[in-house]
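Each of the next two complexes has subunit A plus one more chain, namely subunit B in the first and subunit C in the second.
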Partner chain A sequence: MSELKLIGKPAQRYDARDKALGITKYGADFVMPGMLHAKVLRSKYPSAKILSINTHEAERLPGVKAIITAKDVPYNERASNVVGQTTEIGAIQAIQPVLAKDRVRFLGEPIALIAAESLEIAEKATNLIKVDYEKLPVVSDPIEAMKPSSPLVHEGSNILAKWKIAKGDIEKGFKESDVIVENTYYTQFQDHAYMELEGGVAWIDNDEVINIRLTTQVIEHYRDVAKVLGVPESKIRVIGTFIGGGFGGKEDVTVETFLALLVQKTKKPVKLIYTREESILAHDKRHPFVMKYKTGAKKNGKLVALKAELVSDAGAYAYLSPWVLLYATVHASGPYDIPNIKVDSKTVYTNNIFTSAFRCFGGTQVCFAYESQMDELAHKLGMDSLKIREINYIKRGEKLPAGQRIESTVALTETASRAWKALEKPNKSKKGKRIGRGFASMMQSYGRLTMLHDSSHAWVGIEMDGSLIIRTGVPDLGGGQGSSLVQIASEILGIPGEDISIHLTDSSLTPLAGTTTATRQLYMSGNAVLQASRNLRNMILSRASQMLNVSKEELDLTDKKVIVKKGKKEIPLVDVVKEMAADGLPRNSFAMFNAPFSKPLNSEMEQYERVFPDFTFGTQAAEVEIDEETGKIKVTQLVSSYDVGRVVNRNSVEGQMEGGAVMGIGYALLEDIKSEKGIIQAKNLAQYLIPTSLDVPEVKTIILESKTGLGPFGAKGIGEPSMTPTAAAIANAIYDATGIRFTSLPITPEKIIMALKKKE
Partner chain B sequence: MVEFDYIAPKTMDEVLEVIGKPERKNSLLAGGTNLIVNLRANKIKPEIVVDISRLADFSYIRKDGEKIKIGSLTNISEFTTSELLNHQAKILRESSIQFANPLIRNKATIGGNLADASPAADAAIPLIALGAKVETIDSNHKKREIPIEELFLAPNKTLLKKDEVITEIEIPSLNGNNGNLKSAYEKLGLRNAMAISIVSVAIVLKLKDGKYIDDAKVALGSIAPKPIRARNVENVLKEETLSQSLIEKSAEVVLDDINPITDVRASADYRRMMSKALIKNALNKIMLGG
Partner chain C sequence: MKKYTLHMVVNGEEISIETKPNATLLEVLRDELNLMEVKEGCGQGDCGACAVILDGKAVNSCLTLAMQAEGREITTLSGLNKNGKIHPLQKSFVSHGAIQCGFCTPGMIMSAKALLDKNPHPTRDEIKIAISGNLCRCTGYKKIIEAIEAVTKGKEEKEGENVRA
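Now for the complex of A and B:
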């Protein structure tokens, strides 16, 4: 491979201009003639029996075209296998109805769908549906929910899944420890708070295909929709749009099934867009975790034992809770080499809003715990907090507690020392203010679990004028997924970005590329596009070598020309393409990229060769200023330092690193849906507070490139890892400022003041 | 959202005619930053929305002798740039900079903020401390004046009748131009923009010989069902010399003036502590040369 021309440079994204100008058509920006408008009737209680649902009055309202309840849904009960079973629970399947039939398990659970000629009529009809409830006891605390006396959310047990890791001899480990730190950490429900609300439009084609155009991270949900409707998968087409933020909140099914059911019934186009208030009730949240950590170390700082007990709140339905728990379990010991480890984790049903995917997928909760523990160990031992980490960081070639060997570079010492050094000199401590600094290191997988046998596909084809088309079913979350793929093809084929069109996120017309989740698209689809582009390059150069009468190896593709590297001969790319066409040679390539595969895990995962494809490592350092009178916390500096393997688009990498850190600041200091007995208190964005531009410092980014990742050109993933350590770094900085270890998030001014008062 | 009729009169006479019909439940639309939110949440169900934002003559900040007069449709952005306020009612300008965010400030009007009667109404607190009053007109063209501290009854409830509109805010002459008027505003929110206050405090002191307090007006927001005047604090301050011990004493007695609740933003306990802290901060600011 010759020197790269575009990869690693800051590139202007092809989608940036239209987005800035408001031209981009998102999920809601679409209408069709004769379109109906839909609403969803949701449960008023977190736990209740449904005695009856009366839709008569609503049906009689002029303009109402369809009302669907559980009895009208062809396959209403959706069952999914739960990973992470123990024999004591037995092999269970999690049942999730599309619409609640005789029981609601969380506030806001969907009960009925309404389609009408206008949104106003649909709203009116929703209010005319009479549901008789019999309230049932609510269990909203996962610890309570595990007690035998607890009300059951589903039949059997409230414990949905368990995972275990055991390595070495934990008791011996603690006996050998000179110092032991024990803490219980608590995290909160976090809402994704994306700018774009869930929604879309669906319609039926002449050939009976139901098309659903919506904002989604996963177009492959067409299969779920088909199962619910009882039609062949080929009869459902999901067309994704540019996404105005997802962060995992658009990973599960949102409106697609509802839209398809209404289209199936009415045969008319239907639009459904959630309001903000509805979105907060309707989509999953980040799992609250209760994490009991016990960490033991030698006097010299070497870690010898870690015992962690994790309990996560799954909410009312399974969704991805068992998977998130698996991630948390594997990441629970952090990027450290510890000889004796025991991790026990459980995820538990409650009558809270269901929890599922959210950027970091269980990784940020445990990072808050393991990095708080490291910080406290350093203080207890009187050691430098960089030093204690440095001697414990896992090294390339070493094994994680679950058995997987780290195959790529672990640049933790470098990211940590550089992040720490990059903090500027502290501002002179002002009267009434306390300044503190802290940092946190992390590891986070990128790519899906290898037992899931993940794949991505891409098609790359050249036109007669030398312009290029890429087709791949990648949903672009706003992270510049599409743009990076264009850059890769442009690099390989020497065709400028402006001559390349990329077609994304259509389950029928673009080759399936898998979900835009798990920090996997650059890794997976980047490799698929790279492979297809290289194939096509090879085809072009083969024909050109005949035309120029030199070997393929002597040729290069650049600026829409084939050139002889050591010489002056060149021919326009279009001339080669014309020859290829004349000869009947293919001018496109279809490639499939497979991640490494591994055997399925069971819940006692002691020694597995592989759980994830690979990991990203990094460190964030923070400085805070705390007002002693009010407890107000100002993050005055934040440095984010990662080994990203290889930069593709520098702008996009910096964007992720800045955005992740800002989201982490919100998680650390502000965000909480405040669920009380299953009822969300922060019902809108005036009550659920995310940081504004005035609440965050300029995030300083330090980007390292080990070129050892599994992505194209050695790239790793940065989307999720960019947020993993922020809360821990801030909590450590707050400890530095106050001498108080805050073990529950978010750390609010009120908590600070109350703790300072207690300390006095 | 409920269905309603909409009318956008060009003159105040037309407005008064429409709202003078008691059979139709009306809501006035000025900036809409509260109204639209309440409509969407089905908190209010008007039969007619009367858009007064197009009335021409109600947006101004001007001097009238030693008084300042502000048209009720003046938006909060105007406060942030007003040289007159900067000169004569600095506290109003200071507080307006912390009001919501620039987009909301461009729409929200002073009259609307007062008529909405939120216990956290950002503009009401400094106006109460300035001793300001509103002038209103009703459908019989009867005018009256209401001191702002008497305007509020309960959350989102005012003395205003259904057929009555705020036309003007009047800030009395306070300083007589001899530079003895000192003021401070403190707002605590959970973030630095778009934050509903946990507590806000406005203090206006008339000083004699630098430190002797001739008169004091102290107002607080978000710590009672309505914006309040802290008479106990005022009584401690009045006719005393500003000192550290006086500041401490004022902060203690504020607890007798307030009646906070626990809500999604903060606990009542924290609000009590913060009321003391903000009173202290504000008085310290004044003492240290505000």
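Now for the complex of A and C:
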């Protein structure tokens, strides 16, 4: 392939200008004539029977147009298959109502929908609905929830799903170990805290198609909406907007079903936007994990055995908890070669807010555990913490302890040594402050589970004036998903970005491209656009070769011209397009890209041949400064180093790496929704603190390109991996500063003070 | 609820509008004046997405009662383009990759503008303080700080090309 002209450069994103001008429309920015405003009535208790719901008074309020409760929902009970749970557990299907009928299982569970002429009236009506509850016992600790004496959240068992990995002989492995470290690690609920709240507008067309325009990572929920409404899937259209941040929190259904139900009933346009407090109550959180780890190594640092027991809190409904648990299980031993391994994991129902997708998808919790263990081993052995990792990093061609062979480059030694070296000279230790440094390495899959047979579609077509249109159902999360696709087409077809329009995220009009989750869009849709662009290029060059009387191979496309590579001849692209039109030749291409497929997994398996398409590897190093008096922890330096395979847009790659690390700092030190007996304590952004510009260092990025990824031009994924090791790196730095191993996140000033006192 | 007439100057235009006494400035700007670039991220003064400039100071419009703006001057993001040109801050945010999802951008740029109007050559620390009330969940702030600094250093001092209508 000839040299790349655009790929890898810091490109201006096509969507950035509109965003800078304030023109871009998000979910809340659309209005329609005559539209109604909606509200959701939510449960006041984390666990209760609903004895009665009385809507009479609310219905009589002037201006109220519709009130919907469970009895009005055509198909209120939604059953979904729980992945891979074939025996033992029995929770083969998870049941969830759209609106709670006779039982609520978490605080904030939706009970009724209200549509009215104004938001004020809708709010008033919500307060007029009377719900009689009978409180039921609450279980909010997943370890308690596994005991036979625990109240049940659903019928059967509180254990929702399990997975395991086993290889070698774990007991023998520990016997052969010269040193063993053991610890239990705890992580908290994290909120996505995207700046844009969930919401959208829906309306009905003449042909009875219900259109829902909202902010979402997954337009393909139109199928779920259709099932709930009892209409054909072709009658629901989801149009995504530019998303004001998602991070997994706009992956599950948010407002789309509610909007569709209200439109179906009123036949009027309806708008529903959550408030911040409602958003915190309504969407999933990152899973808290309890992780019991034991790791053994030889004197020379070689790992011999690793045993891990993982328990995650699924909250009140299943959502993606079994999947997140599978990710955590496969990633539990980190990027290391370990001969003897045993991992057992469970995800458990409680009356907490439900947990589901969040950037890293189970990968950051286990990274906190395995990278703490590696440091503990290093200290116990008196070994350098870089050295012990170098000895054990998995190599390309080897199999992970979970069974999958690593097919791409593993640049861990390089990312680790470069990240470590890039820390600048330590800030001089001042009186009353302690400085410490640490790092953590990681692996994180990109692309969905291969047993899901993931695919993406794209359409690329050239107009008569030589400008280009791309159509693909990619939701743009803000990471520059659409922009990278424009860059890829531009590279292949020699058409400048200004002449390319991309149409994204419409379930009826753009070819389905799957979800913007699992760090998959550049990989999947990037390849689909690449393929379609190459096909189109071929078609153009074929026609041009007849016009120029040279073979196709001698031609190139650049600057809207077809040129003869080793000559002076060239013709404008438009002339070729006109000829193609005159000849009745197609001027567009539709491509489908498939990820590698594999057989379904189940909870009985101990080894997995293939779970993911591929992995991204990287390392972060951190320096912290701790105030002995106040316990305040300041991250003074953070270096993030990854092999990203291939850079498509340098700005976007750096942006992911900087933003991911800062989100990781929040996770390590600040963020916690503090669920107490199922009641969220941090209800808004004054109580739920995320990093501000004053809380974080300017993250340094080191980007390596092995060109061995499965994405376009050898790209790997970076969206999720960018955050995976941050908390572990910071915890290791805090150990370096204090000599204290913190095993639960977030590491707050209170915890520091208490531990320092105890140590004295 | 009784309505009253509110007078203010928004993006250089004199406005008088009927509104409720308890309406916030954010509600009036978005719902009455259709200035959708003013974003709501929390409605409680915690995120800065709704920041506008009120008589030279950046304020959170969700915490400001519309009544408090009576007789005063307000600039929102689109007010920066009244002359038909892209503002240096906007240009710099684009070229530095300081925009990801873009939801924090309008408030961020207004806070930066209020800073630079008072202090055209702030230090990096002063920039960080000025935007510390504007949350961004995507970027990690680095590129935003760089974008603002580039303007102060005159690297982006020129106004951009015309803004398309």
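Criterion: the second predicted complex is superposed on the first by the 757 of 760 C-alpha atoms of A that agree within 3 Å, B and C clash if a C-alpha of one lies under 4 Å from a C-alpha of the other, contacts with A are read in each partner's own complex, and residues count from 1 in each chain.
Going forward, contacts are C-beta pairs under 8 Å (C-beta built on N, C-alpha and C of every residue); 3 or more make two chains touch, one makes a residue touch a chain.
Computed from a predicted model, the values in this text were never measured in an experiment.
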First, second, both or neither for A:Leu694, with subunit B first and subunit C second: both
First (subunit B), second (subunit C), both or neither touched by A:Ala686: both
Contacts of A:Lys674 with subunit B and subunit C, given as first, second, both or neither: first
Dominant toucher of subunit A (residue count), subunit B or subunit C: C
First, second, both or neither for A:Ile243, with subunit B first and subunit C second: second
Contacts of A:Thr630 with subunit B and subunit C, given as first, second, both or neither: first
Which superposed partner A:Asp224 touches (first subunit B, second subunit C, both, neither): neither
First, second, both or neither for A:Arg13, with subunit B first and subunit C second: second
First (subunit B), second (subunit C), both or neither touched by A:Met754: first
Shared subunit A surface residues [contacts with subunit B and with subunit C]: 275, 686, 692-694
Footprint of subunit B on subunit A - complex, ascending: 120, 123, 275, 277, 629-630, 632, 670, 674, 681-682, 686-687, 689, 691-695, 748-750, 753-754, 757
Complex contacts: residues of subunit A adjacent to subunit C: 10, 12-13, 15-17, 19-26, 28-29, 192-197, 242-245, 247, 275-276, 477-480, 651-652, 654-655, 658-663, 684-686, 690, 692-694, 696, 698-699
Touch list for subunit B against partner subunit A, complex: 1, 3, 37, 40-41, 101, 188, 190-196, 264-267, 269-270, 273-274, 277-278, 280-281
Interface residues, subunit C side, partner subunit A - complex: 36-37, 39-47, 49, 76-78, 81, 86, 90-91, 93-97, 99-106, 109, 127-129, 131-145, 163
